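Pasting a structure below so you can have a look.
For reference, chains read A, B, C and D in written order, and residue numbers begin at 1 within each chain.
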């Protein structure tokens, strides 16, 4: 049984608390949030203690592991705190929005062997992951293209936008990571980015994009296309296509049931696809925790490393540079 | 070039006239219909002559072949007339609604070698036919089940119903023939029929069914299910499933385009399926004519014989006996 | 928290034990099985006690409810035992294979108000259940047809067949119940059954069928088709179609992922469908338990009653009578 | 009846000859090809005359219209010849590979009102065209994205590559035009192109690409992604997706039948998609001719103009500039 401290009890923290509580090998011991109300709600829902400080919560000797789901600017501090306490940590993405803070954090924890897993949950989605597996098995031959469609159902509010760090760092970062996950050892070397503001007034105010397209190129020549939108009226559109010398595979959208309906106005219409990430990636969040717990128990290396988190941010930054300068930007992960 | 006489210039005759005219190896020479207006319209649309009588139209020495698309009660007379004139004939289904008239006709033409092809056009549908082909190739192993769904978009009027000879002889007869087509050498030996009147007032007046289900068994033990309806609000529902020891195949519904639409109310909704038989089986009607013309040219045997027409009617009659007596009826094709 | 006694620790009992243990409102207290090894394995896996007898296990005052997953011939005895001890009981289907034993049991428990829920799990499948819901909401208008396809992936062994009570009572019983579930207040009045032995040598030895088709008619005239097979090489084929005056709905097969593959030999090929009922209906088994626990807690009436179990058996018996006498059999549920 | 002269009797010319011959309002009168064997074969297949020269063929007073399907470098000469003879002309794409020759041709015909239709046949595909129609009808609201996937089944030979003018001008030109067709009045203003040579040795020798991705931006901010490949082992992959404020539509791949197959190795596998353009766009080629004939008869303006052909080439040229200079290129259509 792994005893957890949860840092951050907002929307995503609440979800993680529930997943930990229901996990047969996990137990939620402490909850900390700067917002006392949030902390006490999540603690009471899951029969956990309310910690006085993040430090107390992390250093508690009953605690085996830490899950960081707090506001992004606190991530690096908590990562360092957990690593210094030798507590394995599962940290929500992104590590930080500022590459300098990420690099400082990287320096601080460079000597540590403490387990850090970044919360790129889509790697654990059974459908997306089975593409990677099939490619690794040689089922599509040599990889030539990756095409990722990732569209949110509806735009977030202005507060969210002001804190999120920009569309590429907040949203596309998942797709950058998913691309890197599928590519494996083959690094991304170039990017061209097109951001757009087509419909969201809040995004305009926040000087942010609501629509975007990207092309990336890997060292081996694989071409990757990503397209994002802050709004898709038909639901949370999450598709991944890989194309190679021996075939193509598509990880398509998912619906709650396998029902189709035929009426005088529609033929073969499916149930609506899942509305948003908590429904669509529910199992992926659980399997991400499974992976983390297995790594803690077996003291094995992280499958989603600090470097993975840093590299995704580097791609997002390069995307902004490409968009701003209207050119193809070369990637430097060093 | 095969010169045709067309007997019957109603809805289905008009369609056949157009198909003949557009065929590169066929030419429409004569049209005859008791309704002069129909005849003259079809003749003028297709640059053909209006014949004074069916006899004149058939015996015209410029004519190589006859297509019978007249009212059902005239079919046997025209079949005999054509055979006596040694003119190959493509005859719409059913041969007749009365098995006695069919048997008399059979006696009259028994000595003739004249080509007769019955218009079971669904045998020529590329999708349905590819099931038969795949089964013949061994792709599904031993055949164990056939399931046919055949539903019209909307019920016909009372006049049609009064002339049509009953739901089983008018509509299910296509499905009986399709079952026999797939079964090949394996004869049907038993039938159980359930007719129902659930929604159509005209059918009630005509003492007819609007809904039906059937189970048939072949000599080798293959079980066949057919279900029919006079109304399907979503269009002309035409599906065939074959199931065997090595797999299953489904010939599904078809839509005019390959477009799917995703909106806030519907996910992955296809274009409406074809509305009715003239659209859905357009190519099958053409390929039926191709087959007939090929047989005329090569003087080969008919692929859809008079006996096929007679046997389908015997099944329809047995279905009524089963429905009326609430029992399983054994089939006697002799 | 509801404390459970589990009677029967074979394959299906083992599954139920796990589901109870993982349920947040349920606790597995006692396990009993005539086979001590089975009992001790399940008890140790789920930290439960091994009971000395079914009576001990049921009467244990710590126990709130009983789950019967033992061999079918013991069901009625355990149902009576639980009811006399006033312990709510969730009992696997069928109640018994012998209608006389079912009727005796019915007499014995007739005065009791103890909750009995029969394990027709498919009623709780989200996809199948949503058809029923949509029909109740008027989405397909008047119901006219139900078509159920239910095929196992591969035939069971001879021992299973010898104990199972025949294909119709063992397998079709689920589909009879599902038909009754969808029909609601409208009772089934007629049945025609076609059994067949096409491929399974063990079924021949056991004098059983491996293939079957049925037509049933409800009082309101709804026609129901069911088709079953003991073997479908492509997996556990579970489909339900409902057809009405305003449309059609199909609850289709399900696959573990939403991935499609395109290669030089196949276009748009889905992942294999689920292999068998434990995978396909995993969530339905859980939701069945949810329903039971909710009924226990709220002391509400059963949603799947003893009469539902009895009526499904009456339909199976009538199906055998129809098959043997080659006639349509009228149903008497009295 | 429109009498045609066909210039060019190679693979694509042969196809056009057949479509003209089978059209009820068209007649093939003359055929000219520098290769006499090609000309005589096509002429004899379609009962047309072999012309001594292109000039003779075009100026023949029996001729109402010209179809240019000759080698690309001859297109502008024949376009000028036809316009000077006041013969409406349907010209295969591209107009020329050299923008200077296109511009010279443009100058030469600038005063003429002779009808010129460029052979961008995909505009006439029922599925693709219905996206444009639905967008025009407001069905997807404001347009925000277009995503075109266009992959050939297998790479052409070295001779073809050496004459084709490069991947972007030969293949992507169709997708550039299709994008412009969907956008309507909204011009493309920017492009970023990524070419790649991943698998085709001939393409390497010809200094050409076999794989490519593009992002384009319209004046109104619509983002367009195109991805191409010279080889897709599963067939000719032709998909178009449009995404807007009220929904998404996808024009998917097409198969010859509606059959799906389920076996022990595959679930729900469709028939192979069409192999290549002559099968996939057969109807589109016919409807392109219908459009042309209708324009000739009604003396109406061209629906696919010389400027459309020129603009697609300008986009292809800008794509090369982007690829070579690793930057986003602004488009100048003047």
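Keep in mind that, in the parts below, a residue touches a chain if its C-beta (ideal position, glycine included) is under 8 Å from a C-beta of that chain, and two chains touch if they have at least 3 such contacts.
Bear in mind that the values here come from a model prediction, so they are computed numbers and not experimental data.
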| item | value |
| --- | --- |
| Chain separated most widely from chain D, comparing mean CA positions | C |
| Pair of chains joined by more contacts [C-beta pairs], C-D or A-D | A-D |
| Chain centre separation (chain C, chain D; CA means) in Å | 58 |
| Euclidean distance of C-alpha centroids - chain A vs chain D, Å | 42 |
| Residues of chain A touching at least two other chains | 233-234, 246-248, 253, 262-264, 271 |
| Footprint of chain C on chain D - complex, ascending | 233-235, 253, 255, 262-264, 266-273 |
| Chain D - residues contacting chain A, complex | 142, 144-145, 147, 149, 151, 190, 192, 194, 196-199, 211-215, 217, 221, 223, 225, 227, 229, 231-234, 237, 243, 245-248, 326-328 |
| Complex contact set, residues of chain D against chain B | 22, 24, 126-127, 130-131, 134, 139, 246-254, 256-264, 271 |
